[in-house]
Amino acid sequence: MAENSDSEAAAISQHALSYRPASINGEFLGKHIISVDQFQRRDLDILFDAAAAIRKRIRTHDRGLTELCAGKVMASLFFEASTRTDMSFQSAMRRLGGDVIAVSNGVRFSSMYKGENLSDTIRATGCYADVIVLRHPEIGSSYEAGYYLDLLNGRIDNPTVAISGGDGIGEHPTQALLDIFTIFDQKKSLDNLAITLVGDLKHGRTVHSLAKLIAYYDASGVRLCMVAPESLAMPADITDLVEAHGIRVTQTEDLRDVIAETDVIYWTRIQEERFADGAEYDGIKDRFIMTPAVMARAKADAILMHPLPRKHEMGTRSDHDILDADPRSIYFEQMENGMFVRMALLVKVLRGVYV
Amino acid sequence: MAENSDSEAAAISQHALSYRPASINGEFLGKHIISVDQFQRRDLDILFDAAAAIRKRIRTHDRGLTELCAGKVMASLFFEASTRTDMSFQSAMRRLGGDVIAVSNGVRFSSMYKGENLSDTIRATGCYADVIVLRHPEIGSSYEAGYYLDLLNGRIDNPTVAISGGDGIGEHPTQALLDIFTIFDQKKSLDNLAITLVGDLKHGRTVHSLAKLIAYYDASGVRLCMVAPESLAMPADITDLVEAHGIRVTQTEDLRDVIAETDVIYWTRIQEERFADGAEYDGIKDRFIMTPAVMARAKADAILMHPLPRKHEMGTRSDHDILDADPRSIYFEQMENGMFVRMALLVKVLRGVYV
Amino acid sequence: MAENSDSEAAAISQHALSYRPASINGEFLGKHIISVDQFQRRDLDILFDAAAAIRKRIRTHDRGLTELCAGKVMASLFFEASTRTDMSFQSAMRRLGGDVIAVSNGVRFSSMYKGENLSDTIRATGCYADVIVLRHPEIGSSYEAGYYLDLLNGRIDNPTVAISGGDGIGEHPTQALLDIFTIFDQKKSLDNLAITLVGDLKHGRTVHSLAKLIAYYDASGVRLCMVAPESLAMPADITDLVEAHGIRVTQTEDLRDVIAETDVIYWTRIQEERFADGAEYDGIKDRFIMTPAVMARAKADAILMHPLPRKHEMGTRSDHDILDADPRSIYFEQMENGMFVRMALLVKVLRGVYV
């Protein structure tokens, strides 16, 4: 019998495919964080309060924060690189007094990377850690983590929680949570906001999850504008879901149609490789590059968000420097918020306490 | 003069080859942990007590544990990936309140990896750390670490202890210690146990070290059964040593001969590459795959151990799922015990205290 | 529009090129540590005092040290491997009670490594960390870090300090600081010392920075002897600067001319690749290998320093063993001092306190 092939090893088990993580329903303790579908408005409000409270305690150098996760261990299990997510979670755990373990040589070079089922890797790590942050290139991997940790938790007297750090082109729930917190935090409410999502809305998991969370929040009077090339439009299941929550959806290929009435601009990148026909890309690309000239058309109190990293979709290096100096550009604040939201999640799943 | 070649750099010094680490003799403080040959029954009993006590304190969320290694720094120096050993040691040190440093980009990419003698690397690390966990592909590397740290400790006023995390196909003492602790913990005694080791017993360092520790423990009435293809049988020096300690040894190629009377089944993998003749492998491979059907022949109170990771030697993915649900399969408990045993070792070599 | 090319991504911005880090002038709090040019004698004396005090507190197991940076987070951002610098900074931060975050898979495999401007990477990391230790292959990268962190610090309510861990063949200020501390610590004063720098003095950033710091210290009666092949001589701008501070400079190709009167021998490697003509290298190489026979000519109270790692420039493995046993060889003490000096820097830039 030969060694398992890579594809076998990587395949997601059938158990995982039918696994559904528990809804939060106001109680985070011991729950895996795998999908935005676990969240409702009440859960988001709890998280927003906690993130804001934590930020305030950090600003005032409140040393009591380091008691919140003292004695807890987080394992950072990144099967693909994602520097910001990785460092953000690490910093979050440390600032709560918890500890972090990671594979010294990187998962890429470990025995885990090839030939072992993720289900074993997850359970092995679950023997050492209280919470596992998993980043994996395969869709559904965090569901598999949840399923097998539940099995392990039935045997080992030390339950371990999984938090998804992104699974392939699937979900990346903590990114969506920090995004919606940033909007709420900047605007103090989602009611009556015009939110515009720009870029490759077909493949972008970030914008899918954010759109769903905005829907689940059930604010009143929200308008969601989707700006994308026709071939990269937001999938219908998501626009349907959003509209079912009473949100008015507009779709266009040209930001200029909507920028003047937009409160929140969420910018993402379009990759040339998505176009079979280079000429099609050439025809639309200029409409999908944010520059100081584009931003000049936006409202005085609009905010410009971006999940980062950014490349050509924000123009040249000097465009960057000008945009960065614009007080409406809040993508670094957004990034910092990622740490506060992850701190809030870690405290709540590990300790259940309010902060 | 050209740069040292890799092989030169990697060569183990003659000093190291003649180095013998100190016997434990009831006192761990300041001693390198390099070989199972340092241990006698008394030392193992001390370690078993400490590991069990630590487990209990973790289960009861005893925060006093984090005082035991507070202010101490462990360096994780892994020249080859070994995710479990690495994370297990890291988690152990963290839960004792100690800190861990590791090479951010992995040793593989560091200046240490090529062209520098291990003896310099070890001493440089010894300048920063109180304990070094070394994993290195070369047999004898942990002996070299011990030798050169002893030299450094004579000069720098901050003695550093080495713990082997495995050296090539040589020794991996902490694996053997966690294995024998798991047997003791599950069975409450080694007396009168029938322990069966299965797989490639010729090359497997895990089973060599475990067999030696079982011998050193000097329990009464122990039977050790070696199940391996004839070409991969346990080396005679180890069976001789074991028998010299009064253990009855059986050797067979077929687990079915002994499974019904076995208390402890220790399963390991056979690699096809070990066979010059593929037909020979095809002829025996089915006898060396653990499946639910095989386990059905085992005693109701037998335990099934495996050092993990596992691949084809435990059958298909659905075989795994069935075996994992069998209460006799204790390989995840075994893995968790690794953390407790390593915590016990760290406390004892760094602080000398009883826990 | 194509992705930014690597060279674009790596290019240092014009802003960075004109950036000058603040002089220390007796106050380290909140200041980036980027260049030895920030230091004057007073600053070095403060640092020497702090490093010596910290060493004493470590030797006496003073647990109060871990209060000094408690709650602070250091990000280890190594774009090229430098194991010693990395581990030294990590150990320094840990021993002060601070926390360390690093990219789990190494920067080399992260999204940061390719296609993103360093300016964004630095600011993203600045959102999570209180201090960033940056090692980057490009000259000027730490200036860029300082410039963009200053921009970020104007927006995010959590200022972040950069410390250079070496930028390419540019500067490596903490190496020079630990070197001059070691000389001061061993000799109790720089006055009237004869210090000899040996090796490739043209390309060696270590010796450039050390020579400058010796000059800035403005001790009296210092002699600096430069021993290098003519084609690898110390650049004139540095010898000019040194002489302008009243230091007598000697240059020679042969250590034997000066070794008998030297108090401090600072040894570095010459790389064969620097010579267009192999015959030229063959003609001089033996004069640039430190061996026990060479050391026999040195004063009884001379000290032999080396920044490590060492390769062929200290001869064979058995030469190493003999040199290492010589009490005048203080390169491991020098390495340990690196941790004390970095602890002193971290405390002072993060807390400003005296220790």
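Brief remarks follow.
A, B and C label the chains in the order they appear, each numbered from 1.
Everything that follows uses one rule, which is that a contact is a pair of C-beta atoms (placed from the backbone, for glycine too) under 8 Å apart; a residue touches a chain by one contact, two chains touch by 3 or more.
The model shown is predicted, which means the values in this text are computed figures rather than measured ones.
Common neighbours of chain B and chain C under the contact definition above: A. Between chain A and chain C, two chains of identical sequence, the interface residue sets overlap only in part, with shared numbers making up under half of the total.
If you average the CA atoms of chain A and of chain C, the two centres end up 39 Å from each other. Counting only residues that touch two or more partner chains, chain A has 102-103, 106-107. By the touch rule above, chain B contacts chain C in their complex via residues 1-4, 13, 15, 70-71, 73, 75, 99, 101-107, 109-112, 115-117, 119-121, 123-125, 127-129, 151-152, 155-158. By the touch criterion given at the top, residues 58-59, 61, 63, 65-66, 76, 78, 80-84, 86-88, 90-91, 94-95, 100, 102-103, 106-108, 272, 285, 289, 308-312, 317, 320-321, 324-325, 332-333, 335-336, 338-339 of chain A touch chain C in their complex.
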